[in-house]
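Let me begin by handing over the structure; questions about it come next.
As written, the chain order gives the labels A, B and C, with residue 1 at the start of each chain.
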């Protein structure tokens, strides 16, 4: 369980940075930074733990997790003005967090012996729900709605790749594969505009 | 439990169609279709299972549910352009899904022996939360906010009717009553503009 | 557990009034009033109970809770037009509800022996998530996003104060401290514009 805790802690820190950046765009006070940092940081893992009936949920089990999120919030509160484009930093940090949180979710799903297709789905949920909550509450366009970008696709294929590899190798390398595939696809989309064909609406709506 | 699984599976398919139609309106790629189809399809039943502490939740217990949602997403991705008005199809399919999901929730609530007034409430939650999640995440106006339409009302009176009948008849006929009443009211609202009087705002807001 | 039930019941009634006021602003019918009243009233406590794995959740355990919310909805449906500014009433009633719900959450967290920092966090979640759900579903700006107001801050400092006092005094006085501190700060913000310094965006976004 130590590996999954380390992954949870790392994804909490990076997702908390993105939550605090969203708070800076909304011009909130320090408690607003703490709230968005924590919501984003623990949202995905909390949904995972509720669905898998893990008791208590990870941040109640290890409250130190909350201090990690708080540290990220304070860091951003005093340094976000140094950043040239907060929207761009937010997108790239979110990509990094996604690439840690997908394997973090997959690790728990594999450790609790989820059958068949459920493990990668849990990985995708863990990776994406914190950012989704952040965007919905902060009135930003959810990343999943950005047309022509690989977001869910990156998380989904990363989780699938890690799950597939876990049938042949140990869990550690499988999680690394999941993280690398997720980051490769998401970074490629941000840097080079990679995307899948989107549905084109015809005149009727 | 087979009856409640069949109802869950049917409501999953029809709600997944509505989720995929929402994805088509947002011009997403195929993974976006899969995400919205799955979110809409399993959202209500997942909330129900978390509230009633059913472990594991229905789609983790029966992952085939996810393939049903995926099939609906693919179907819509390749056929939505054939449809004349996607908004209208979405509303009618949502009405059908609502009329299946309300009895699906009621069936589980009755089977787990929920006391008094709780059973119809669980039916309403199961019927409406998937569509609510779909609309909130997709930035569409939630159906519950559409003025003068019967939506929550249809689900609520359908669940109440089924719950009342379940005190006199077997569960099967009671669920049919719940579905028919829900569909009758919702369809009447869509087709003929049935509605309850709404609260009229005076100048002060 | 009687004290925490009384606090839950009181916060349910006042939060239900705010939910019904939000429904009146959206010009919904009576069932829309019931839905928003119930969503707001039980949202925070439900999230608390799911996180702490209390089974069944409080309103399934005590369905009378739902009648309290329904009574508030009916009351507002027939009297909201008498109110001069519904937005202002909504803000003040929300302040009162917050000041009851934060100790309601803290009471359960203390009674279930949550370690260290977790108890005040549970108090904040219980106090704020019902209103957050109300605002997200009703397309209102979430209270947490209102710049320069003390909202999360009031809940957070109130919960912290109550938690600190609970180490020295009985639970009852500690809950009173939590409620008074929360209300004092939130009311001061509404009446006198109290606030913490907010993050100022520089030209880059």
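Following the convention adopted for this analysis, contacts are C-beta pairs under 8 Å (C-beta built on N, C-alpha and C of every residue); 3 or more make two chains touch, one makes a residue touch a chain.
Treat the numbers as computed from the prediction; the structure is a model and nothing was measured.
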Worksheet item: Touch graph across the chains, line, ring, star, complete or other?
Response: complete
Practice prompt. Note whether the interface between chain B and chain C is symmetric in residue numbering, meaning over half of all numbers used appear on both sides, and answer same or different.
Written response: different
Worksheet item: When the centre of a chain is set as the mean of its C-alpha atoms, what distance in Å lies between chain B and chain C?
Response: 28
Worksheet item: If you look at chain C, which of its residues touch at least two other chains?
Response: 50, 136
Worksheet item: In their complex, what parts of chain C are in touch with chain A?
Response: 50-53, 114-118, 121, 132, 136, 141-142, 144-145, 147-148, 152-153, 156, 195-202, 204-205
Worksheet item: Which of the residues in chain C end up touching chain B in this complex?
Response: 23-35, 46, 50, 55-57, 60, 63, 66-67, 77, 80-81, 83-87, 136-139
